[in-house]
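For reference, the structures are reproduced in the following blocks.
After this come two complexes, each holding chain A, first together with chain B and then together with chain C.
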Partner chain A sequence: MHTMQFILNGIIAGSMYSLVAVGFALIYQTGRFFHFAHGVVYATGAYLAYTLVISLDINPVASFFLAAALAGVVGVGIDRFVYKPFRKQKAPNLVFLIASFGIFIFIQNLLQLIYGAQILTMRTGSVKEGHHFLGAVITNIQILILVVSAALCLGLWLFVKRTKLGKAMRAVADDRIAASVVGINPERIILAAFAIGSALAGAAGILISLETNIKPTMGMNAILKGIIASIIGGIGSIPGAMFGGLFLGIAENLGIWKISAGWKDCIAFVILIVFLLFRPGGIMGVKSEGERL
Partner chain B sequence: MEYILHILVITGIYIMLTLSLNLVVGYTGLAALGHAAFSCVGAYASSLLVLNYGLSPWIGLIVGACVAAILGALIGMPSLRLKGDYLALATFGLGVIVYSVAKNWVSVTRGPMGLPGIPGFSVFGIQLSQVWTYLLLVTVFVLLTYLVIHRVVSSPFGRILRGIREDEIAALAMGKNVNKHKVIVFVIGAFFAGIAGSLYAHYITFIDPSSFTVMESIAILLMVVFGGMGSLPGSFVGAAILVIFPELLRFLGMPSSVAAPLRQMIYGLLLIVLMLKRPQGILGKYRWK
Partner chain C sequence: MKRLTNLITGRALLIVVLGILIVFPSGCSKKRSEAKEIKIGVLMPLTGDAASIGVPAWNGIQLAIEQINSRRNSEEPLLELVSEDTKALPAEGLSALQKLISIEKLKFVIGPLTSTVTLAVAPLAEQKKVVIISPGASAPKISESGDYIFRSEISEKLGGAIQATMAVNKLAYRRVACVYINTDYGAGLFGVFKKSFEQGGGSVVLSEAFDQGETDFRAIISKIKSEEVDAVFLVAIDEVINFVRQKKELGLVAQIYTTPIFENKLYLEKLGELAEGIVYVYYGTYNPESQDDRTISFVRAYESRFNSAPTYYSANAYDAAYMLYTALKESKYQLKTVKDALYNIKNFEGVSGTMSFDSNGDVTKDVSLKTVENGTFQFYKNVR
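This part shows the complex of A and B:
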């Protein structure tokens, strides 16, 4: 009885991790560095949606697309103004990581300065009772979250597999120099990856803001779980990141049930460290560089 | 006056943390992001020994540092095989795990309520209670840390560390045991972080998990980077500026809801601009090729 409810909660939390993780994986694959500030793009998405829906009173569906697109713009801006100069200097990964922390801290506190440190909510009206489904209760909003995030993940996967731009992305992920030899501009591909990945992170932030409260620090948890999901799924693999997210969400929620909620982050990182040490290729068993995406 | 002395004591503790992290990150090139975890372990081990068993804080300090060092070895041995970003994540994870344990293992650490009433140090039977006595004590420890780390980095051992930073495969090809060196460096770093944590605990007389968050680790890394990776004088400057500067902002008279995020924004911006314009830090010479 309770098991199903916890698994369902895990799937819902996991679908958010998956959305953050697939975007992270896409950026990691093309740019080859850990874009830690991805988490703050997620938070930005939630706050943009809040501004559009609550403050400017725009239609929620239109706001969703607008906020996701704006999150994409934020991601592109980060790449243009911060990462691109580093790529030109051929900076080591530690520099990318440190700068990424810098961006994270900057934007998170900018959000706090604008909106305040307190939690905000987009929910209006009373809480409705959900549908009963296999012994668990699921609300309409949760169904919406699951459907939209599954559609976005699958859409991204098809995009990378089937379209010409997706093929170019895989080529850059495989070998940046070889890709540029055949006429692909890696800078444009990385830019496209940032636009798409950041829009997905923004979408995840918007979806979660329908379900829970938003606060400026929400990005930290999201990116940590996103990175863990993408590593346990097999770094850079899009289906891997999806499964990794779900796996992590379910494991965490079963942990909350069996142990206690305070140990949630601890469980996630223990899983990460076990994977890093014993199966660094992740569930999908990513081995060589070429197999990825 | 008391306030200025207090800030100087805190600066001294951060200088110890920065020096020890510089050995790991700046000299050996390991992306370690969990330094606060070691000072957390040192602080808690030391405080619990003193509070529960009535031991002298000096024994607490030594045991605390050793426990931190052992943890460093246990974590270092498996995870230092990981490269770059993955090592950063594993050490980051260590930070989160240690923080969670301190917060959730309520029966021992009292969780978020923290440990109050930690006794201070005494020297030759005289209890150190004035802030200036702690300033002397911390100064002695900062000098000790500096001397040890200076000795390590200017010895042949230190040359191997720089070799590992520049080109790990070349160091291996020269017949150097790269993993062993990494673990030793990690353990030394953890040991001094443990001492710093213990000093902090016995000076403030109260600790709770919120002093040892992951953001704290990032702040220490920022001090290393700011002063200059691979520069010991840089660590002094980096820690001093980044501890004292936010205190100065306090006098501008902004409401804290504006001042706190603004200060963090300046930190973030500083990190980005520094990496773009002067990645070697204020006093550093090392620059990637």
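This part shows the complex of A and C:
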């Protein structure tokens, strides 16, 4: 009876990890570096939605799309003004990682400066007991979160598999130089990956802000779990990132049930280490570079 | 080469001249009083996970010091605040204190607010003979952390024990689940509470720790649902909001019994009617609605200065600043004897209650039960 509730809790938490992870995977695949600042784009999405809905009183559905699109713009901005100059200089990966930490801290502090350090909440109206479903309880907002995140992940997967731009992304992921030989401009593809990936992170931030309160530091945990989800799913793989997120969420919640809540993060990192040691290709068993996206 | 030397000499001269211009006026006025100004450091979580309790505390300190400065006579030195942000992180707190000591050369610090940071900075303060007064650290371990470490918050060794006794005797809780923040404060309070609660005849059927900043409590709440409990003893800061909401959403019916941190208007505002009936323990006698003259003037001054209502920690921090001032005055501004003057403070009447320091630098205060009724914080009446 209770098992269902823990699994459901895990799926809800996991769907957020998935959404951050797929965007991270997309950017990792095309850009080939750890875009750590992806976490702060997630927080930015939540704050943008807050501004649109609460301060400017714009329709919530329109705000969702607008805030996600703006998060995409933020991601593109980060790429254009920070990463692109480094790419031109052919800077080593470490430089990208450090720059990415720098942006993370910069934007996080900027959010704090603008909105203050205290928590903000977007949800209004009274809190009610959720619906009972197969022995578990789920609220309307949680159903919304599940449906929207599943649709976004699926949409992204179809986009990468079926569309021309998606194919070009896979080509760049496979071999950047060969792709440019056949007329694909890698810079344009990286730009598109940043736009889409960041919009997804923004969407995750907006969805979570419907459920809990938001604060400037919320991005750190999100990106850590997103990266873990991405690695245990098979780094760079989009379905992998999706399943990795769900797997991580469920494992954490079952872990809290059977062990203790204090072990939550420990469980996540133990899973990461186990995967790195025994199945470095992740759930999807990613082997070569080309198979990834 | 010669040009370079000339350039350097030129700049050096300029710096010396500027230096004299800056130093000279202050050198003149020094003759009038012994120490023209005394710098007081403030270590508070102004950003990060504990900023919602840190900023009101910092405001309380500013208010106290501004009042003291505006009322001082010409003999008394000006008190100047130098604040550093700890982000409620031990490493940040330690480097902030290092900066205050080595660059600002100061001897007194109000803060840090949280127990973990206070424990982290205590050895350095002790070694450098810097007096620190924490307005919020309540972990039992702080009592033994050194002679220079004071606090205007009561230790959980006392508070937690009373809290547990009240739960058994006054609220008649027998079976509780404990959910606590995994910090020195949370773990310390949980330890004392569990021991005293079980000694009093109650039983702790479940205990779960969570990390500072956690937002997802569904698994913990689901776990509590499978146990029969009278109440959930919750030790949390901002996490209380998500916990209470998710408890409602998951349909857990259990009384919430929490700590003085809960008395924060932000939580009332965010929780709305969900806050009704939450019982918490309250240290000291600070009550913003009190008709007591001291409280009224404090609340008015605070509200007009910061456009927000003072919290429990604003009062504690305000008192900490006044106690430091009292000790400074008692020691006739002989900085080395301020520590001893602090130990001599007995029955200090602050807005947060009447306090005396014991030999560990801990204070004693009244402890009472409070609850939320009709959207306001009230003293708990239905005591059995």
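What we mean here is this: the second predicted complex is superposed on the first by the 293 of 293 C-alpha atoms of A that agree within 3 Å, B and C clash if a C-alpha of one lies under 4 Å from a C-alpha of the other, contacts with A are read in each partner's own complex, and residues count from 1 in each chain.
By our rule, a contact is a pair of C-beta atoms (placed from the backbone, for glycine too) under 8 Å apart; a residue touches a chain by one contact, two chains touch by 3 or more.
These figures come from a predicted structure and were not determined experimentally.
S.K.: For the three-chain model obtained by superposing on chain A, do chain B and chain C clash or fit?
M.R.: On the shared chain A, the partners clash.
S.K.: According to the stated criteria, A:V82 is in contact with first (chain B), second (chain C), both, or neither; which is it?
M.R.: In the superposed model, A:V82 contacts chain B only, not chain C.
S.K.: After superposition on the shared chain, which partner residues are touched by A:Q112: those of chain B (first), chain C (second), both, or neither?
M.R.: After superposition on chain A, A:Q112 lies in contact with both partners, chain B and chain C.
S.K.: If we overlay the two complexes on their shared chain A, which of chain B and chain C does A:H2 touch? Say first, second, both or neither.
M.R.: second
S.K.: For A:G130, decide between first (touching chain B), second (touching chain C), both and neither.
M.R.: In the superposition, A:G130 contacts chain C only.
S.K.: Considering only touches as defined above, state whether A:G262 meets chain B (first), chain C (second), both or neither.
M.R.: A:G262 contacts both chain B and chain C.
S.K.: Of the two partner chains, chain B (first) and chain C (second), which one does A:I12 touch, if any: first, second, both, or neither?
M.R.: Second partner only, chain C.
S.K.: State whether A:N221 touches chain B only (first), chain C only (second), both chains, or neither.
M.R.: second
S.K.: Just checking: does A:V182 make contact with chain B only, chain C only, both, or neither of them? Give me first, second, both or neither.
M.R.: neither
S.K.: Where on chain A do chain B and chain C both make contact?
M.R.: In chain A, residues 109, 112, 116-117, 260, 262, 265 are touched by chain B and also by chain C.
S.K.: Using the touch definition from the top, list the residues of chain A that touch chain B in their complex.
M.R.: 33-34, 82, 85-86, 90-95, 97-99, 101-110, 112-113, 116-117, 224, 227, 231, 260, 262-263, 265-266, 269-270, 272-273, 276-277, 280
S.K.: If you look only at chain C, which of its residues touch chain A in the complex?
M.R.: 46-49, 51-52, 55, 179, 182, 208-211, 213-216, 218-220, 222-223, 225-226, 238, 241-242, 245, 248-251, 266, 270, 272-274
S.K.: Can you list the chain B residues touching chain A in their complex?
M.R.: Residues 25, 29, 31, 78-79, 82, 84-86, 88-90, 92-94, 96-97, 100-101, 103-104, 218, 221-222, 225, 257-258, 260-262, 264-265, 267-272, 275-276, 279, 288.
S.K.: Within the complex, which stretch of chain A touches chain C?
M.R.: For this pair, the touching residues of chain A are 2, 5-6, 9-10, 12-13, 109, 112, 116-119, 121, 126-130, 137, 139, 208, 212-213, 215-218, 221, 252-253, 256-257, 260-262, 264-265.
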